[in-house]
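By written order: A, B, C and D. Residues from 1 in each chain.
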């Protein structure tokens, strides 16, 4: 058996490739659709999105801090007996909290738009807004489950597997943050 | 909505009918049904009907020596109107019509252009052509359906539960257009090529009759039918060229 | 079994090639100005790829025949030169063919689909709908009435959605279900789709073009022989797709005038 | 979840965990194959109905009227014909050509070939099968909805597929279920591809360098990369289409459409957007179907010719080149679509260039036959058939790749003949070859060779009788997707259509031999040794069928590439990948 190579890690990288591809598809669809006809409606994004952006960036930071605390264990993954020190768990909980806060914020943004009469079907721009935010939200939920799995692993205190799951989950989570920054930039410039 | 109106009418009629028949027996002589007849005409200039080019469907085209014209506004001699549905909109509904109404596809035309029928009266649709037709009655109150009828396949049998004027089209032959006039009464008549119509077998009494034309809408008249008598009722529609 | 396979492959190759050569099933004669180029390109491709087909199949059959005996103590032989000749051969042969075909082919393509129509071309509007084509000529005033989809009413024959009540240009527009064109005259079609995607395909003209809802797509051709042929739909458009058809009539200049008058008379 | 400990060599007991919700890649692989067996049978029956209708349109098919209200009295209506066509295409492309050679055979063989105990993510693996299964059920259920099964073709071009009921029969729930099913299928394939990639990258046993991977593993690996990219584009496309159908958005539906006399309430969408998204997936999909065939043939040929495959490195390079190019050619499906005519030329060049690597691989296979000591077992014959059919189908691609010629042949039976040869039949032959070759490993029993050879020769003749004439029909301008050839210039083609119909029924009947052989051998076939074909790769080093953890607790170590045939080995003319003896001296002259 080949040593430490972690399929989980590889899997997440491959998954990132796939998700990037599909959001590239959505983006090009947006560009084509905007050029296809003059019915594109520009509207100002709900201000809460800026707050949400801060939240999701913050969640990446907290996750990074959590991960940093376990660096020692990660260094020697061979030692199954190694114990993961407790304090970083709190950072994990903070991350999870921030994750849900972000989702809640996104839903607020939807309500805000719906309040302005901008619904999924009302205009192509709003269609894409709901679509992209919803898709990102779904993928982010996946990330949250990943982190919850990490918590479970850590509590089971099997360091090697915990660290593997840890790396994978945090890689995915940071990607989610980057993806949101990209989406936010695109929505801000195009809508 | 419609359904309720008609059921109310029905009750009204039954009561009155019962009453009248009693009266009859006491009077000692039977009551002969009356008739309403009349002519549908128009004033102004109706739109010019266009010839239909059936080149797309040679098997149909060769059945018509002269090109068939569109039938949205069928005009007869002396400014009369064809294919106008005249029916009793208030008054004696008459007995439930049980004879099936028929609708035929022949030479890529609907015959008749307007098929009148009573609610729940069976309707049989035939395809006499060498090509597949596709019957698409675009109902709103009743359920909409859309079926193909290949040559030589058995007639489609359907009934409609709600009174409605349903435009019918053939998806395969865009020029094929007709109407199902689903009515709440068995007293109906469709004006012929001379614009005349006849409503027979009406119990004596007051009636509201309505004439409907697919482009010009409806008109109503109050008429009284006397025992065994024939009442005249003419309708005149205002026609516009476009 | 190997030998049987070799025989079958050989027979299949010979029969197929024979039928291609015999032209039992072949393109109908072309009557468009630019069709000749396409036919020429077709023949080029037919010959080159025909040769490739025959050679490849027969070599396959030949090797299978030659080495068919399951003789396990015969020494195996490696193809002389190994993979190199294959790679070089494929790149040179196929590469050359690709180059030739692309250079010639793209010229022909451009002449039909990229080059704009003759500025004096006769303009005809085409409306494709489930499941028929309708053709619109500007009429005496030479102007097309504007289109209003909301006014489309098949029951009165208003297939284009003209508004004769308010739009004078529309009143004399001639709408027909047959595409009549004068011979030797450049024609420019403007393709409109009323409902879903359709296509305009006339085998004898060697041209084909999709109708795309929301787009108006130009297409031009010049018919060089008096004839009548079919316009068929090649883009799946619903249940009546198989029956979506119209006729193209190429008339002499006078007959075309007559035809137009008849149409406008009605 | 990934570090396999050899303790559970026996595997889980109990029906459900062992056969239904199993995590064992071998069981899952067989489940995939069984599913595609059901699918291919369905698809084949649909094609028979289509062929019967094309040959004899007025024919009333007994019993059909009972199961399909669309076919009154067993007479196939135009819309029902299109539904049959749509379902045939969808089922065959997605649930057979994608499922069987890639997900099915790949799942079973790939982990063993790289010396792994299982896939990287067994749970994902199980999930991706069951999600595929759900997708299939959803698709088939579309046969039984009120407005009738979908009829927009497997390409589901918008706006026909997007506007809903007004566009006629099959545009109601049927089309919606179609979109949902394909969306679900995408998810399954993404999970599957992810699993294949991670497995190939991380779980290779000691000494199994990329260069030493068998060709089939290479093919599956490349296929999974293509699939990952292709399906992650199709999924968004399906989401957009579904929203247009059910949520009133206008991604693909432009303004001012009048359908069934009703002005549609949509505005501004772009029908071409769907075509671009679809074909960006659709063309690579062709290679998802055919590349496993490449791998299987390249894997089997050396074993049956008893000599190394010609230019192994070149072959792999070609497959990679094809995979890369497959993403640059989707526009050749849209020459006539109304996109900018300049781009037609742009797309046609890579389309023609892609024939170079394809031609090279073909030449390598043919060259491998030269000087061979052929063993004409059924697997070998199907490989040869694959080469012949692939050549025929590939060459007709020369015509369609050129816009100028496509402007005549586009949308005709020439196209149908082309893609059935190169994508349908060739892939099927690859699958057959793989099944005949690996059946002993899968079930521990040999298939019957005599029946197999009959199956091959009849099928081989049959497919040529079906699909070669379609090229002639195309040349005569016979348009595809027509449910009948009414009184017009296509009438002349009806006799040829009848011939094709007969050939199709004949070929279909020949498949019964295969089914019989399959089921009989599964229980009655003679017991298979570990390495019946004297092949070199790892799957032949373990017992047939392999134990639950594939190698009975130990991890094989690899010393050689898979191509060591025609050499002086200790056991015959070949050297197993895991045999520690030194690099051989080629015995070839």
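Operating definition for what follows: a residue touches a chain if its C-beta (ideal position, glycine included) is under 8 Å from a C-beta of that chain, and two chains touch if they have at least 3 such contacts.
Nothing here was measured: the structure is a model prediction, and the numbers come from that model.
A simple rule picks the central chain: find each chain's mean C-alpha point, then take the one closest to the mean of all protein C-alpha atoms, which gives D. Distance between subunit A and subunit B, defined via averaged C-alpha coordinates, is recorded as 64 Å. Averaging C-alpha coordinates per chain places the centre of subunit C 29 Å away from that of subunit D.
Taking each chain's centre as the mean of its C-alpha atoms, subunit B lies 57 Å from subunit D.
Chain centres here are Cα averages; for subunit B and subunit C they lie 47 Å apart.
Among all residues of subunit B, those that touch two or more other chains are 131-132, 134, 148, 167, 169, 171-172.
The multi-chain contact residues of subunit C, meaning those touching 2 or more other chains, are 129-130, 153-154, 214, 238-240, 243, 245. In subunit A, 36-37 are the positions where the chain touches two or more neighbouring chains simultaneously. Pairwise, the chains that touch each other are A-D, B-C, B-D, C-D.
Listed in rising order, the residues of subunit D touching subunit B in the complex are 57-58, 72-73, 75, 77-80, 147, 165, 168-169, 260-262, 484, 486-487. If you check the complex, the residues on subunit D that touch subunit C are 77-79, 82, 151-153, 157, 159-160, 163, 167-171, 253-261, 263, 268-272, 305-308, 310-311, 314, 336-338, 341-342, 344-345, 348-349, 352-353, 355-356, 359-360, 362-364, 366-376, 381, 384-385, 387-388, 391-392, 395-396, 398-399, 402-405, 407-408, 410-412, 453, 457, 460-461, 464, 468, 472-473, 475-477, 479-486, 488-489, 493, 496, 566, 573, 586-589.
Touching subunit D in their complex are the following residues of subunit A: 1-2, 5-8, 10-11, 14-15, 17-19, 21-22, 24-26, 29, 32-33, 36-40, 120-121, 124, 127, 131, 135, 161, 164. Within the complex formed with subunit A, the residues of subunit D that make contact are 1-4, 120-121, 190, 193-195, 197-199, 201-206, 228-229, 232-233, 235-237, 239-240, 243, 247-251, 254-255, 267-270, 273, 276-277, 280, 555. By the touch criterion stated above, subunit B contacts subunit D in their complex at residues 58-59, 131-132, 134, 136, 138, 144, 146-154, 167, 169, 171-172.
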